[in-house]
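Letters are used for the chains, namely A, B, C, D, E and F, taken in the order the chains are written, and counting of residues starts over at 1 for each.
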Amino acid sequence: MEKKYDVLSLGEVLMRLSPPTNEKLTRGDFLEKQVGGAELNVLSGIALLGLKTGIISKVPGNDIGIFSRNKMRGVGISDEYLAYDNESDARLGLYYYENGAYPRKPRVVYDRKHSSMLKVKLEDFPEEMFTSTKWFHTTGITLALTPEVRDLTKELIKKFKAAGAKISFDVNFRSNLWTGPQAKQYIEEILPYVDMFFCSESTAQLTFLKEGTLEQIMKSFTEEYPISYVASTTRIVHSPKVHTFGSVFYDALKDTYYKEDDYANIEVVDRIGSGDAYISGALYGLIKYDGDCQKALEFGNATGAVKNTIPGDMQALELNEIEAIIASHQDTNDTSEMTR
Amino acid sequence: MEKKYDVLSLGEVLMRLSPPTNEKLTRGDFLEKQVGGAELNVLSGIALLGLKTGIISKVPGNDIGIFSRNKMRGVGISDEYLAYDNESDARLGLYYYENGAYPRKPRVVYDRKHSSMLKVKLEDFPEEMFTSTKWFHTTGITLALTPEVRDLTKELIKKFKAAGAKISFDVNFRSNLWTGPQAKQYIEEILPYVDMFFCSESTAQLTFLKEGTLEQIMKSFTEEYPISYVASTTRIVHSPKVHTFGSVFYDALKDTYYKEDDYANIEVVDRIGSGDAYISGALYGLIKYDGDCQKALEFGNATGAVKNTIPGDMQALELNEIEAIIASHQDTNDTSEMTR
Amino acid sequence: MEKKYDVLSLGEVLMRLSPPTNEKLTRGDFLEKQVGGAELNVLSGIALLGLKTGIISKVPGNDIGIFSRNKMRGVGISDEYLAYDNESDARLGLYYYENGAYPRKPRVVYDRKHSSMLKVKLEDFPEEMFTSTKWFHTTGITLALTPEVRDLTKELIKKFKAAGAKISFDVNFRSNLWTGPQAKQYIEEILPYVDMFFCSESTAQLTFLKEGTLEQIMKSFTEEYPISYVASTTRIVHSPKVHTFGSVFYDALKDTYYKEDDYANIEVVDRIGSGDAYISGALYGLIKYDGDCQKALEFGNATGAVKNTIPGDMQALELNEIEAIIASHQDTNDTSEMTR
Amino acid sequence: MEKKYDVLSLGEVLMRLSPPTNEKLTRGDFLEKQVGGAELNVLSGIALLGLKTGIISKVPGNDIGIFSRNKMRGVGISDEYLAYDNESDARLGLYYYENGAYPRKPRVVYDRKHSSMLKVKLEDFPEEMFTSTKWFHTTGITLALTPEVRDLTKELIKKFKAAGAKISFDVNFRSNLWTGPQAKQYIEEILPYVDMFFCSESTAQLTFLKEGTLEQIMKSFTEEYPISYVASTTRIVHSPKVHTFGSVFYDALKDTYYKEDDYANIEVVDRIGSGDAYISGALYGLIKYDGDCQKALEFGNATGAVKNTIPGDMQALELNEIEAIIASHQDTNDTSEMTR
Amino acid sequence: MEKKYDVLSLGEVLMRLSPPTNEKLTRGDFLEKQVGGAELNVLSGIALLGLKTGIISKVPGNDIGIFSRNKMRGVGISDEYLAYDNESDARLGLYYYENGAYPRKPRVVYDRKHSSMLKVKLEDFPEEMFTSTKWFHTTGITLALTPEVRDLTKELIKKFKAAGAKISFDVNFRSNLWTGPQAKQYIEEILPYVDMFFCSESTAQLTFLKEGTLEQIMKSFTEEYPISYVASTTRIVHSPKVHTFGSVFYDALKDTYYKEDDYANIEVVDRIGSGDAYISGALYGLIKYDGDCQKALEFGNATGAVKNTIPGDMQALELNEIEAIIASHQDTNDTSEMTR
Amino acid sequence: MEKKYDVLSLGEVLMRLSPPTNEKLTRGDFLEKQVGGAELNVLSGIALLGLKTGIISKVPGNDIGIFSRNKMRGVGISDEYLAYDNESDARLGLYYYENGAYPRKPRVVYDRKHSSMLKVKLEDFPEEMFTSTKWFHTTGITLALTPEVRDLTKELIKKFKAAGAKISFDVNFRSNLWTGPQAKQYIEEILPYVDMFFCSESTAQLTFLKEGTLEQIMKSFTEEYPISYVASTTRIVHSPKVHTFGSVFYDALKDTYYKEDDYANIEVVDRIGSGDAYISGALYGLIKYDGDCQKALEFGNATGAVKNTIPGDMQALELNEIEAIIASHQDTNDTSEMTR
């Protein structure tokens, strides 16, 4: 049976404010206004590639909330399940981002507390939402927001699972939102429902106290929980403007690991959201190619790598562009300089 | 004895974010980043004219707080009494502002709750602060923030008064911060300490339930409280881009009203802060010219009128420019087109 | 039975390129990139007010076509019926627009020939499209593009009409696309299918050779064809930056004319698309309020008037903002200066 | 015999630096970089209309001089007689310009002393220059620069006159460059060579101590000197953003005055250079139409009026645009809103 | 006998529209507006170095054509032989360009069909044009436009050759304009007239089916045709932001190859037009230094390499700057960091 | 006894005008407006780190001088000893700066002659200035301006020294201001008063004719003069966008050299002022940590290195940011990517 959406995701929508290029937050007269959020970034990346996505969230009913709605529509995300907070203290959480240049690291200043998202409730959404999607995705950031949001998240995971959707979860550990032990405890409560698990090696070690090689760690999650796929990205930060990016993808059913050459010496323009872009490519590969982990790996690596070259939180390349990047990455003889 | 400051003021520092020119908040990719706040605007206007001013406030100890500090320094306000909030939930209150064009009115969206200012405490400031100034100014906005800030405000007013400073107070009624009866009650508690009172005719009627002509209303405040001066500005909004601005100034001791021709058909660029700019001119006139109400009226009208032509919350003309505007306003034969 | 869309419209999507503010096309280094088109502008205006709309058009399958798709999504228009031209000569029609300032008039330079829209075919769209909407709208611009597009337009009008949709048509005469006699001939061929007809007084006189008062002219169309409603906008151009805007709305069934005071001395920022914005408001009023012509008039006048203050081709105010403008227009005592 | 140039002019090339729109010079981070100069402005206006012009000047041989050369080439002025100063103290004079908005007047700050222009010498130019033009123009600004430049100017006037060129001179009195009596003395020395004299009524009164009506004053110059034409512009400054502009043109041979309705309520964007633009139109009319003063008046008024709507010092409308403005000005029935 | 121009060139003038820095064409609100074209780029580069150049082309007679004319004048190219298309379908061809950052390649989207250039005819130019220049240059892009333009190009080559001009030709193969066999056929028809031939190694192999070393290939052209000089540039694309650039230059008369060290690891800002810039330097060297191929090589490599650091299609460094780059390239001890 | 200032410095304030990013001075319409100056840059860097600084200088009393005052206030420098030049020829010296990209070097064009600074006189400053600071700093640029400024500088050094301040001096040799022998002669006259001496190795060799290793050269100055500390920075210019930066610091009393690993492969955004930023860090370390040369070295290297990543002449990182850079530089295990 055809579902209305390929992927729905619960997550907070944030406004991001950034000074131009190399300017600092403490100076200057202008800020670039963008929207972002771990789950939103994943959805927009998937929508760009051609699948149907929708955000589950709550934003203020004021001009700033409308701005975020317009931006989400513009990247192809449905706002059918976007709830509005019309109270006088409604606010869109925001964060400030400043680029780096060695020896100056990028900086983030958060101003995301007390946001309208924290008031999100089950009643904000219609019951038919749960049967409308093939896949549901969320992250540890959402789980970490407040106890109330955490409970709602668990409730939604169970309801989507019950309605037949696949569940994916990205740990995305942020030490300013919760502690490692808290993350471990609450994530383990939802792992029994998770089909696809995204977790970096360092988080697996520090938060889940895993030991062994990356491959062993990845497999261990699937041994403890009924998880089908685990993916871990790797990043080498040569400098704020040069990174190397790749990943390992594990298929528990086939007990097979998928890898390819890293994207080396990426010319970084804006690193924010590249992990989320990876997930968008990986989920696209899995969904579009019916569980083909090689495709998931290739799309994930390409979308994750190329996001680093795009200003803002969200990936911006269409399907044909991503396919060209994959082809060029695989063709060691490709010396074409330009797409024209 | 020489005091270190001419004017100190307690008030919240806000970041203002505005889309360029005629753009709307719900669209576009850029915002102009400025700082403002009723008390800050007054201080900057006075500093521009050459007196020494300082802000009493609390801002986050992060990049955004530092940005506000740099902006205040840049307009000549001392940050000696600027306290920092280094907790993880520190935030600078902010608001969004969109220009209007008939039939579209200007719009403000506030996001100022939970700010670092609300944590301001008496202990944030040294005891010598109270003897360091000739004049202390604050507004109803500060009084309305929280009960704690209100108590602190009253405490400061008493301490500055006791240390020999003159006290000025601007009602600046905002219905989104408190109700009329609340405003009336709390302001009446501080009126016994006030030397100079700024109140518009409509606020006097609606909030203080005054009746009679504007002149009668102004005088009535000085009869009920030991107030020396009362000033009321008048504004006719022909359209979002055309206003007429003027004021009446009352000297209770001399029982005299001061008036002059309005500044008619001002070519409005940005109306925000023009009331605060008026106060800056009026206080400058009073302080610089030892209570000369005619000077206070002339400077207040000129700074208030011209602020409407300046982008951002703060007046930006130096003393020689304001004096030229006053001279041109008084000289009906002035047909000079340009200052060169 | 619930239809998927409230309004669908067939029309060309154009890119508009404009120098900033008062700059001329023959100078400068930057252009603002926007999308527009008579039918697109109508749809976006309706979508902003909360109804469901979709574009029927054909754009290039390249980055510029994708840009236009993203912009349309961002203003809430469905691209379900947007076809793509993937041939090597695919192009998005474009036009250049320069603002005026008396005595300099605004300027338009067209570069819209040979566009992908001219290849649009019936087979580009699924058969279920015709039953998916309550209302179908198009304009004389589409009818004038080429004989092939004209035939397709007529075909679509008949098919939508047959499927139960109401049909609205805006003459929007452009002498650079066709001649008056051509317009008369081809429009009269489709008038038998039209429920709502938009035509200015001067076009009625010059193109349809009508005589008499505006009211007589409007009524005459309904006497010759089974048209239910006729609307005519009026505009007085005081200068490129000051216009007065209003309309007359005629209900043939009730034989009643609807009028209200003009919006006088509008502070014009960008006049392009204000006629289309009028239609968006009028159709919204008719559809939302079940044929209430007073509502159609009020919404049309407000959306048309306020569009003049918005940069770009498209209206940008949400429903609550438009309702506030209507209320303020009707309340002669409203002196509020700002929405906060 | 065909001359290479229609008009040559001796004058200083200045860089103008302006903050954007309504910003003040004392704030902000950006300046717009333009070139200007009374004589340059005249030449560019004439070149736009289709005649051949060339600048006689001296600029630094560094990047800033090259910038000015590129800008002059871009507006169609020949740099064949542009000399370069390659000494280490070479500099392009500059000035800062800030727009006004009532009650704030526009402001100019000069930084034009010690410029490379002051080193200009007869040897900088080839002897054939004097026979290469039909017309030579200069202004009181050049005459006022230094005694050396003044002597050179007189020398050039005599040589051009001797070679058969017509001479035009614009008083353009600037009190920051010289005094009224100085201007009177030195200008009277060159008036015997002048064919076309531009002088405002107030300058005629204050500097040349003329009395009587404007018409009497204009005629008096032609009675004292062998001047063929005199033109005087009139300007009413309603506010920094609204001016009315017109002129009177006198033909001494025919003893006839030419006038037409003023351009009223011009929507001023940038007033600088509108007097120079007037001269460009007037000279174009005279030269192109063989001394037709009616054409000179019409072109002068149109170019002068419309310059007020163009950012920067120089007129920017092509011949067809100016002719359309004249036609619209003369056709009281013209209600067309836009050129498309 | 002195010729009026050093180099004339026949070629299409295109408008280029580019999003800022790292932005994508499918997003954003602004485009940078520039002009370019293979032949135009060559001419502007030569003009910058001090020789006299003129474009032979046809552009629309509207604002966009005027814009291109102004830009060409601004870079020092004569528009004496620029024809105008005043028909209603006149258009300036354009293309969109987006920068890359590894792994994202730069992108070009063309919209150049149906342009006014395609209407260019022999009658658009005066007969004296053919005797007015020392050198005539054109490229395979012009040859590929249409059969009519191809015929005109051949006609012009023959006429210029007959009038004594040297002929240079750059293959500049574009697969979206014609096929390899077509290019081979038509270029071979004009090679008998060519004095200087520019062809890359890969084009020689793929299009002209040449075999052997680069040196052998270059020589072979001079053996088959009366070509005096052949030049081939080499480029290694390390990433979109890092290239290495150099060339080989062959003098057939002396049977000598000229080479020097490549410019390695160029910090690429905008790669477009660097091949054309190479030609500008090479032709400058040949013409200015009377066939000195070492000079041609040095100037070509320097202008080609440095163009990669300049935004837009055209080289922008003056002669003294290029000479300094050559000197620094040759002086391995040069450690100076800055020109001041 | 507490001094009012930690560091005062005598030096010229310049306006810097720069085209955006990679644009050239000879093109484009916009310039970024900043202030700079060797001494000012040092002061602002120290102020950012938390010490009290003040400028001793003279600027025009016009809008441009006020702009510079506002900028200095904004970076935390006191303008108590800023004198104003109100004469009609008052001017702020300025310079133009253009970024480089290999093989294009950065460019500076000076326009700093005849500035108001050259009129600075002892009487411009109150006598109490000399006792108000712990430290006085100046550079060879100031010494080179004019004989009058040189004499004043020497006078000030003597007076500050006599009042108990430490004296630091940076050679900062500029060949366009004076010759090497001149620099040697005049600097040697003031070296007897200097406590801290900044001199690069190449300047020591070329100007002071020193021989031997860098360490020997540094020590030799302390043997000839009563200098306590000598510091020399080292810079390797890999390309205009990649530099390596470090220094050697010598403590004469302890006869000890301090060094640490260079900051290698800095991602250079704007190299101007990085030497001055080094001095700001070094002086901060010395003053804050009571002569701790290791701290001076670490702060100097960090502030100098990071300045290269900041647009404009002045360092922009607060104390906590600099301390984080030092910590990261010293911690070879630090792989954190971002500050959040």
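Methods note: contacts are C-beta pairs under 8 Å (C-beta built on N, C-alpha and C of every residue); 3 or more make two chains touch, one makes a residue touch a chain.
Bear in mind that the values here come from a model prediction, so they are computed numbers and not experimental data.
The set of chains in contact with subunit A as well as subunit B comprises C, D, E, F.
Copies subunit D and subunit F of the same chain sequence form an interface built mainly from equivalent positions, shared numbers / all numbers used being over half. Looking at C-E and B-F, the interface holding more C-beta pairs in contact is that of C-E.
Comparing the centres of all chains, each the average of its CA atoms, the largest separation from subunit C belongs to F.
Taking each chain's centre as the mean of its CA atoms, B is the chain most distant from subunit E. In this assembly, the C-alpha centroid of subunit B lies 62 Å from the C-alpha centroid of subunit E.
Note on chain placement: the centre of subunit A and the centre of subunit C lie 39 Å apart, centres being C-alpha means.
Distance between subunit E and subunit F, defined via averaged C-alpha coordinates, is recorded as 45 Å. Multi-chain contact residues, meaning those touching two or more other chains, occur in subunit A at positions 21, 24, 26-29, 66, 70, 107, 109, 176, 318. Shown here, the protein chains touch in all possible pairs. For subunit A in complex with subunit B, the touching residues are 17, 24-34, 62-64, 66-67, 70, 88-89, 91-92, 96, 98, 107, 109, 111, 113-114, 176.
Within the complex formed with subunit D, the residues of subunit A that make contact are 28-29. Subunit F meets subunit E in the complex at residues 21-24, 26-27, 100-110, 176, 235, 237, 239-241, 271.
Partner subunit C is touched in their complex by these residues of subunit D: 21, 263, 265-270, 302, 305-306, 309-311, 316-318, 321, 324-325, 328-329, 335-340. By the touch rule above, subunit F contacts subunit B in their complex via residues 66, 70-71, 73-76, 318.
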